[in-house]
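Each of the next two complexes has subunit A plus one more chain, namely subunit B in the first and subunit C in the second.
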Partner chain A sequence: MDLQSSLQVVLPEIILAVAGVAMLMIAAFVGDKASRLVSIVGVSVLTAVAIITAFQMTGDTLGREAFGGQIRADAFAGFAKILAIVAAIVTLVVSPAFFERVAKMRAEFPILIVFAVLGMSIMVSARDLISFYVGLELNSLAAYVMASFLRDDDRSTEAGVKYFVLGGLASGILLFGMSLLYGFSGGTSYEAVRLAGMDGGSIGYVFGLTFVLVGLAFKISAVPFHMWTPDVYEGAPTPTTGFFATAPKVAAVAVLARITVEAFGSQLTAWQPIVITAALLSILWGALGAIGQTNIKRLLAYSSINNIGFLLIGLATGTLAGVSAMLVYLAIYVAMVAGSFVAVMMLKDADGMPVEDIDAIKGLSKTRPMIALALMMLMFSLAGIPPLFGFWGKFVVFQAAVQADLIILAAIGIAASVIGAYYYIKIVKLMYFDEPADVITGKSETSYGVVLAICALVISPLGYLLTIPLGDWADRAAAALTAFV
Partner chain B sequence: MSSSILIIVFLPLLAAIVAGLGNRMLGNFVSKLVTTGALFVACALSWPIFLGFVGGTATSEVVPVLQWVQSGTMSFDWALRVDTLTAVMLVVITTVSALVHLYSWGYMDEDPDQPRFFAYLSLFTFAMLMLVTADNLVQMFFGWEGVGLASYLLIGFWFKKPSANAAAIKAFVVNRVGDLGFMLGIFGTFLVFGTLSIPEILEAAPGMAGSTVGFFGATVDTMDLLCILLFIGAMGKSAQLGLHTWLPDAMEGPTPVSALIHAATMVTAGVFMVCRLSPMFEAAPTALALVTFVGAATCIFAATVGTTQWDIKRVIAYSTCSQLGYMFFAAGVGAYGVAMFHLFTHAFFKALLFLGAGSVIHAMHHEQDMRYYGGLRKEIPFTFWAMMFGTLAITGVGVYHLHVGFAGFWSKDAVLEAAFGRGTELGQVAFFLGALAALLTSFYSWRLMFLTFWGKPRWAASEHISHAVHDGHDDSEDHNPPKQEDAGEDVTHSVPSPAYGAGTGGYHPHESGLTMLIPLGILSLGAIFAGQFFAGPFIDDAAFWGESIFYNENLVHALHAVPYWVKYTPLVVMLVGLFFAWLAYLKDTTIPATFVKQFRLLHAFLFNKWYFDEVYDKIFVKPAFWLGRKFWKIGDEGIIDRFGPNGAASAVMRGSGVARRVQSGSLNLYALVMLAGLVAAISWIISQGAN
Partner chain C sequence: MDGFPILSLMLLVPLVAAIACLLVDAKLARMIALVATLIDLALGVVLWLNFDIGGAQWQFTERQELFAGFSYALGIDGIALVLIALSVFLMPICILASWESITTRVGEYMAAFLIMELLMIGVFCAQDLFLFYIFFEAGLIPMYLIIGVWGGANRIYASYKFFLYTLLGSVLMLIAMLWMVNVAGTTDIPTLMQYDFAADAQTWLWLAFFASFAVKMPMWPVHTWLPDAHVQAPTAGSVILAGVLLKMGGYGFIRFSLPMFPDASAQFAMLIYVLSVIAVIATSLIALVQQDMKKLIAYSSVAHMAIVTVGLFAFNPQGLEGAMILMLSHGLVSGALFLCVGVIYDRLHTREIDRYGGLSINMPYYAVFFLLFTMASIGLPGTSGFVGEFLSLAGIWQVSAWVTAAATTGIILGAGYMLYLYRRVAFGTQRNEDAAAMPDLNAREWIMLAPIATAVLWMGVYPESFLAPMRQDIAALDARLERVTPDYDSNATAGEGRPAANAMPHVEAGEAH
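== the complex of A and B ==
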């Protein structure tokens, strides 16, 4: 395992890093005029990286290790990376048009996204607490900037500051937990942590475990560590929000799964109750919070909290099937949320300014029938109503929970998804049964329509054609994790 | 034959689907053509089958369609059984249905919903055919429910009319009571015989006679129990005393429906069922006695009520009820062939009477009250003659020694003779009640004829007529738009002439169109000749019936050997009834009023249909509504809604309010919540560690 083979393993990350720096150079010398060019380069680079990752995945499920086991490009990492890259590409495709309208498009935005993806990529393939943390912070730092990207907009700035302060707090908690783990296990690799936990683990070890979980729970905005989410989602520019709700979520959920299984696999009894509690609280609180909202982005923020709850149900099972189900849910979730945010970005008033007020979509079916149709499908899918694809995600997760004898958890989850259905269907009701509010009159770009159409197609009943390949990939990815436990 | 029976049964279904789904897209003409054409094809294919059995060339067979249920020891298929009994029903159903389809072209001409009407008619026909071709009890039940559904839909066809809706619901609910009996009978039969196949049951039935079974703690005769349960089903469908209340109200439906469903076919399903299962009933003497008793009681009950009604369709409806009584007591005394014979002839003359009445109503611009008729003989002569043949048939005009008579003469005489010839006390009672009912039948039938076609016009007083005269349209009932009414073609009814006949109000009744008169003509032929032609095979020919029913040879001999006074009783009572009707409604028209004054209580009792509706309302309907309201207000709204959906919803709304308030935007609070969460998790870990 020499340096050369290690470099081969981290080829995607190297490409991302080099490309990021190169894009930065272009931006520095050409200025904001180059933002479209930089975006195009970014999309190309991400696409290339996705393809390379896909090739890496097709080989050995367990992949290969690099740098003495610090990084491993296995099927699990590949799954998460590709998903995150797809979400990032969607953001890159739709963001120029958004920022150009408010005359704030800058070349930095695509660069930040590329660096964020680099961070995520390291995060999900790391098998060592230190490299994981480096990836996490790279991702987070990019994210803080993206949140406050509209510098002269109060809400955007506020979002960035809040995210940064609370993110710092979370990082502190996470680091403290890591140091405890290092202290009680004598190593920073997941393997070392796992071996130290084999004998049951001392109380200090379990403290460390809890702190790390809390730090990660912040990243995935699980209740009660979700407080930043509604404010940041509402304040940040919509492309950023869409990005936050998809790519970093994918990475954080993947890391959480990787750490809980690979590092804390022997401590199921310790972390399972925490995950279950967070799952239930997220489902309930996300649903309750969403009901009273008048801002679409805020509503989607609560919706993402709610969805994290369902994802955590898959993880809470602590089984191969559960993790696989979670990954399936994650993939469908990305399609649904990306589609929803693109649809929201298509809502513009006569001046072309974005509209975020829920009342504005009244009667959308009459004024903009295609957007209304896509949004209706997305909402029904998010609510988990068959025959839309969102139902399948919920179904596999609940199936895994039932198989793992977590029947009460599944039952409460199903019952609470009824509450969620209320606000999703309320949007449909506003669009289809109310008199048009005649607010949304602005035109939107073709690129949005294309992305929205693709998302709608994926979550439409046609998506069920994907169930078998998606299930296979998810199974392989989950197998990569559990092979080490 | 196997392919023709498939066409007979499924072509009406196909037509119903085409017309029903095509609806307005196809338009009136196409849907009428499709359904009517289908029925005429079915009719044309049915007669050869029937005549084959009459000629003795056909044999019974079973045509499998597909496997239906296979569950444990229970297994049955969709299969179409064709034997003599089925063949009789086939010609009755397809003939009357085809003629009614044709008749409806004219009768429903102005209705905006014709495709729906014809689709229902064809759907009904399919269900009825399914019922009579059933090879097992479940398939029979399928048809049984299918005709119930079609009946419901057609009674309530004019759904904007509240009275029609009420009648439809009443028919459905009352039938459900009977259906419960039928279902229990089917369940019990399966328990006892272990099969649902009708031939297998009938084969095993004689062996089961005398066996007993525990039922609600009591030990009862198995076959009696099963047959009584099945008979309750028959009572519901055939409107026998106790479960008859829906039939008169069902006259709210369009008149062709009354003719097809509530006279000729569906209401006879009970009789058909008893005959189909006759070997079972033969093993159940108590059940047979009950059938005889209920039949005779219905026969006399309905006839008494019929004498006092003013609505022309209601008179005929009670007459139907009464005639069904004849069929049942014929079956009850064991003369199943005779019962089927009366069913057969009755189908023709009763359909004729109904369609004739429809033609009268059509001519009189929706007026159904006979008090506003009179003198119509000259105005609508063709309808008059058709009704005349129908009346001659139903009153049983014929002379035994001349061997001539109308259809009703042959069958009704046979019914009465069979009851007398049976020799049992109950048979005697049935005979005398039947003879009395025949007298009353003659009275109310001639009363109908005299009030409608003789005397002087009394049209002027009718609201419908005066509306017709003044506007040419009837829109007196605003809840019942004129287009949804029985409506005739748009002609001017008012003749601007000073030479108004007294009492006509200037109204000029018009004879119906050809599409309505042709069915009347064909059915008249049936009413005249059906008895003459088919009395032989139906009554005397054991080979004709084959295995399809229980054929009692001895009873047939006894039937022919009854004294002459028995054979002439029907003719005599018919003449007596005719005389009284003539006396009261032509000779001295003050007699009815005098009679009513003299026997106020008796008249009120009869006029109000023995107060059945009122009593049922008090005993069943009101308490059911009361109970329903309690369940609704206290059980559903008070408990389930309050603690269920509404409670959950308000809890969610409260929770949502809390969630919104907690999300204050304050960074300090956010950090605090995070740390609180962390502390909670740690505390939990410590508490676990301590254990």
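== the complex of A and C ==
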């Protein structure tokens, strides 16, 4: 429990913090000329941190505690961290080309990403409400700036302000819930909260629990707390949107799982209805809301709301298998969403300006066959059609739900997924059945193509080769989480 | 043949060919597709010849454990064998049918068809529940593209309808499958076929599977996707749709619903009868007034498949055998009828019945083939349609005379709309000059139609060839259904017992002559 061992446990976070400050110094003294260099440094640091985390994970599933139990680097935290880092690396790889096109590349962008990842890695390994909140806010502050990164663009600034105001509201609700929990359990550690809930919990405790869940529902954009999502996703620069849809979602979903299982594990009957309601509403609203959209980024925003619903079905089971299924889904979700956003970034008009109008992709299969093929695979995968890998995510989640006897939930959820399939196949229809609109003529960088190809490969039937290692890691992670209950 | 993975090879050939088709130009893609489907046909013949009739129930089994309880388990019984034979038989014909009519994106088109072939064979030989589901569901993607990219004017609406209807049906089945595996603890289909689920659970499971198979079949009132999809699909797409895809619904009933949920099947038998009888009468009447040839044949498909469901739920060997033969027969006959439509559509580019007339004058060979398939569709003795319809109705007669009477009207109406169609297209005066100038069948079209005509006559004259591999499996299924057989207003005398399963073929072989 001495300081040295604590520092060893948080080594990844220390590296991220030091590297972030160092990158800031480079940026401050060299200026925006260094933005490529800073990006490269960022990718290397994140890769290094991912490797260290992977080594930490191979040891004891439960990992080690630091700072008197505030932080625990267990297999669950490791899983979430690696996933978030992978998503961040994808953003770093594709963002310079995007911002350079509009002459807005600044060295701060990679730095913000590194700090956001630092925040996430604190929040997923926190086992105390305070350290969790610190991580969450660090992540959010970086995200607000990233949303309004195109300072001269009205939509981008609007997105940033909207995100900031609503994010602040959510944080307030979260903090209010935390203060109630502290008041009714006498401690801020998850352990204390769990023990206080053992005897059924008082009414104030349940209020606190509800407020915390509402605050987190804002962060993961679960219905009915999703309304900021389409606006922010549409307005923010596309690399930022892609980042928002992946890394912070991973972290927030992981935190939600950790809090519900570790802190509220004894209160299943209190939070299960909330999670089930949010899950079904998210699936339905995410599917229905997407139908009328004409902006492809808004559409992907609704798609991510829809996917959150499926993730929550895994969580709603409250079982080890359910959490493990949710993590598997999360990993596949990251590959699908990252791929979709990279594909969207590759849609450029003759001047190289990004195109977001959904009608512009008409006939893409004739003008850009490879992008169209990849996007088609991603869409069918998001719709959960076998043999694409997205099916596996839905499969494990619904399997867990059926095993936990939530058959009605599973049946309604999967029937609602058919509504979602409508707009996924609509994109395929636009690309394959319609005549070319000849809008998308601009060339894209090789880096985009490489990332898209990797994502497409992961979600192709070849992805099933990953099921065994992925399942193992997810099981270990889930076991770490449920070990204390 | 022991240990040689012939089923895997049959899956691998179209997969490799599909990938190759994506990479080469149009001419080569056509050739690759044809060669690959012919190889699969040859393998199918080898499979049939090596199938040990009366031997083990499951033959050519392969098993490889995969992840998370999944296993790559293949194997066929007689029922699967004949359906696989049907698929590999129709595939080269489909490729030939698209030889000239498909000119855009030929490589992708051929690849989509080859993937379809892979998935169809996979559905019939999968022995793992989830492997079956993957094959069953994955067919949506190529079929969606085939209808949407190469279809007719209203193709987008048809492709949406096809995709969403069938998806909704099958996702509910997935939940039921998950529950079954959770309870029974195995994904092995042969084991599940012997597993007795609790009676009240069977009701729900049966309904979930019904949701999927009824859409695929298609049964009234969820048949509406079929006419749209058929009319808009290219000729070969229609052939595959009618020939094999619809059989997946019937296969699902005979492989899953009946053996796995016998109590629920008996409980819902009346529902099936009512829906089927409505389908037979309603869709036959609708077919009578169609102006579009493909739509007419599509509605006739719904009517024929309704007789299949009646036969399946007769719970006796005649009904089951009749349903199977009728499925095979319908696969050949409606496929051939769609090809016949395709032949004249390629020449005149319209499916409007009134635009033709008197074709027997300028296209005599065509008229002969068309007549043969029309008669087979009506169920004339000597053709495959008779054997299937007669056996199915003989089966249901033992359960309910009223249902039999109502279902039989379908055959009368069927004769009505098919003969009416034939008269308007082939007989009468040559009303339209352009139709009168159409040339008769060319060599390619001969090669397409002649084998089907042979098969139709063979099945009509000597159905034993096709019944023999299935007999043992149908007897096993009948034994499982023994205790639940419903008896509504049957005229069969109690105590006499049923005719033995193997007594039937001689009877109908005699009548067929």
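The rule we apply is simple: the second predicted complex is superposed on the first by the 485 of 485 C-alpha atoms of A that agree within 3 Å, B and C clash if a C-alpha of one lies under 4 Å from a C-alpha of the other, contacts with A are read in each partner's own complex, and residues count from 1 in each chain.
Here, contacts are C-beta pairs under 8 Å (C-beta built on N, C-alpha and C of every residue); 3 or more make two chains touch, one makes a residue touch a chain.
Computed from a predicted model, the values in this text were never measured in an experiment.
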Report for A:Phe264: first if it touches subunit B alone, second if subunit C alone, otherwise both or neither. neither
Determine, under the contact definition given at the top, whether A:Val402 touches first (subunit B), second (subunit C), both, or neither. second
So, does A:Tyr422 touch the first partner subunit B, the second partner subunit C, both, or neither? both
Quick one: classify A:Phe79 as touching subunit B (first), subunit C (second), both or neither. neither
In the overlay, answer first, second, both or neither for which of subunit B and subunit C A:Gly471 touches. second
After lining up the shared chain so the two structures overlap, which partner does A:Thr210 touch, if you call subunit B first and subunit C second: first, second, both or neither? first
Report for A:Ile385: first if it touches subunit B alone, second if subunit C alone, otherwise both or neither. second
In the superposed arrangement, what residues of subunit A touch both subunit B and subunit C? 422
Once bound in the complex, which stretches of subunit A touch subunit C? 380, 385-387, 391, 395-396, 398-399, 402-403, 407, 410-411, 414-415, 417-418, 421-422, 425, 428-429, 432-433, 464, 467-468, 471
Quick check on the complex: what are the subunit A residues that touch subunit B? 161-162, 165-166, 169-170, 173, 203, 206-207, 210-211, 213-214, 217-218, 224-225, 227-228, 230-231, 270, 273-274, 284-285, 287-289, 291-292, 419, 422
Report the residues of subunit B in contact with subunit A in the complex, numbered from low to high. 652-653, 655-660, 663, 665, 667, 669-671, 673-674, 676-678, 680-682, 684-686, 688-689
For the complex, give me every residue of subunit C touching subunit A. 67-68, 130, 133-134, 137-138, 140-141, 144-145, 148-149, 155-156, 159-160, 163-164, 167-168, 171-172, 174-175, 178-179, 182
